[in-house]
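Take a look at the structures listed below.
Shared between the two complexes below is chain A, which pairs with chain B and chain C, respectively.
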Partner chain A sequence: MSTPFTPMLEALSRQRGVRASLIVSEDDGLMIDSSLRFGQEGERVAALAASLYRKARLSASAARLGAVAFLQLDAERGRICAVGGRGDLVIVVVAEPAANVGLIRVELLRALESVT
Partner chain B sequence: MADDIRRWSDELARDPASLVFLQLSEALRRQGQLEVAFKIALRGLERHPRHAEAHDLVARIAVDRRDFGRAMEEWETVLRIMPDHVGAMKGLGYISFQQGRFSEAETFLGRAAAEGGGPDVTAALETVRRSSGGIRMPQQEQRDIDPQRLFADLLLDDGQTALLLDASGYVLGGLYLDSSGADLGEEIGAQLSGISDEVVRATRHLDIGEWKSIVFETPVAVIAMAPAVDATLLVVAASKATPLGLLRRLLDRCAERAAAWLSAERGS
Partner chain C sequence: MRIATTEPWIEAPLARYVEEARARLALLLHPSGQVVAQAGFTRAIDVMTACALASAVHATSSELGRRVDGKPFRGLHHAGAERQLYLAPAETARGAYICLTVFDAASSLGLVRIYFDDLCRELAAAAPPLVPLREPALAVDFERDLNANLAAMFGRS
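Up next, the complex of A and B:
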């Protein structure tokens, strides 16, 4: 099923090293749309990513540093990048370690601009 | 509050010379709308360049934006206009402490206390006096380090701060002071408690191995976190202007310090 977010998510997934892109509700962790290139359960990825983003937002708020614009989790064999701040929507990318994070960050921020 | 903001905005629109910009900007600052608050305060300052409270407001917003250089300039201006301004003394004490200039911090906070700064100034002064007791850390035995000063000599740049948290989110070392000198470490630790478990769950489910770090950007700062020895969590915050590569080096240096300190603690 196609949603208004599908073209944006497919564009993100075309970036080199991107394994999945999703748009998630931060409030309840439910997936709104996704473009998955691997055999993951999108709903679980969405819930985990939303929870991570929420934790980052709360800690930034506690530190009085304002809203979280971009989040990047680095692990041995992969990365999770997320942007939010438009209502409760969070755009998430799961990528390989070799992925160009700088480019993904720019594309994610651009994608966020298109989300209303 | 939203009604107040609307009312003050209307009043300022009707009379741009009104001092209501002080209330409006402060309310927006408290809501975390720092850029709007800053613009309004600066516009007010243009019309009232000798108004001490306007300079104080700009300084406090600058601290929230982690622009400590600007904050210091503004508070110095406040003291030129109003030499007994307690808020400016507290602010300058806070910045001096953040920059490792403990003697100056003690002087400013001492003056603020003498002017009737209240219990928060007294508490901040005690923190500074505890922190300024020793020589620089590298020359000390690790186990003798005041936990609150654990990273002090690594964090001399404006706006940098670091905390070491245990697995429950309690602060083991480091400090996180706000512009009034209050330590936000416990509050931040509480917010971060459990993040390690969530990260581990996420990385395990995605089969991407052990996590190495999380970085998140806000309009005013970059925050980096990394797992450290003994299931501890290291948190470093720096100004938005700090390059990410530099932030990672800072994170590494703090991790080394934390590991050495925890090792010494175990051995003592």
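Up next, the complex of A and C:
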């Protein structure tokens, strides 16, 4: 099933090193749409990434740092990047360790601009 | 959080679920309304009431699912102003149980659902071999069994 977010997610997934891209509801932790490669557990990634983003947003707010612009989590076998701030929506990318984070960041922020 | 069960094999999976899903309250019961395990409740009367209501809601939503979708709905979610609940069945070799989970802004429906799936898997794996089936819950036995389970959990005879 195609949604208004599908072209944006497919464009993100075409970036080199990107394994999955998802758009998630921050409040519910539910996946709205995704572009996943085989083997990715979309619902699990969506729920945990939304929780992570929400906690980062609350932490930034508690520390009086303002809104979260870009969230990056580096792990042993990859990284998770997320942007939000358009209502309840969070855009999440799962990428390989060697992926170009700068490019992913630009594409994520551009994707966020396209989300109304 | 205090966890009490009438069947010891349930305790570890339920404790893990409550911890990981950041649940405020959790209740595992037979579809008849008999309590099997609880986490977070402090009064037996609250457990008894929640079991009766959860059992009734599950029966209603299951029948509604059969009517509109040909099979029972799997899970039910209600969102309140501050707290939400998720009600869903967990199948084991010992039959189906119903799990009522209450959570707040510290968690989310997505988290509760993924960890509930884990709970179902763990309960299915931990359930001891099937023993002779329980007698159907008859009205004459129901209150006695219910009181015995509550007494086991809250330490009263």
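Miscellaneous remarks
The criterion applied here is as follows: the second predicted complex is superposed on the first by the 116 of 116 C-alpha atoms of A that agree within 3 Å, B and C clash if a C-alpha of one lies under 4 Å from a C-alpha of the other, contacts with A are read in each partner's own complex, and residues count from 1 in each chain.
Simple rule for what comes next: contacts are C-beta pairs under 8 Å (C-beta built on N, C-alpha and C of every residue); 3 or more make two chains touch, one makes a residue touch a chain.
Being a predicted model, the structure only gives us computed values, none of them experimental.
By the touch criterion defined above, A:V115 reaches neither chain B nor chain C.
When the two structures are aligned on the shared chain, A:A11 is found in touch with neither chain B nor chain C. By the document's definition of touching, of the two partners only chain B reaches A:V68; chain C does not.
In the superposition on chain A, A:A60 makes contact with chain B only, while chain C stays out of contact range. Legend: residue contacts after superposition of the two complexes on their common chain; A:A50 is shown touching chain C, with no touch to chain B.
Contact with chain C, but none with chain B, is seen for A:G29 once the two complexes are overlaid on the shared chain.
Set against each other, chain B and chain C touch different numbers of residues in chain A, with B touching more.
Where the contact sets of chain A with chain B and with chain C meet, they give residues 44, 48, 51. In the complex of the two chains, the chain A residues touching chain C come out as 24-25, 27-31, 43-44, 46-48, 50-51, 54. For chain C in complex with chain A, the residues that touch the partner chain are 107-111, 113-114.
Chain A meets chain B in the complex at residues 40, 44-45, 48-49, 51-52, 55-56, 58-80, 94.
Chain contact summary for the complex, chain B toward chain A: residues 32, 34, 64, 66, 176, 178, 184, 187-188, 190-192, 194-195, 198-199, 201-203, 205-221, 223, 237.
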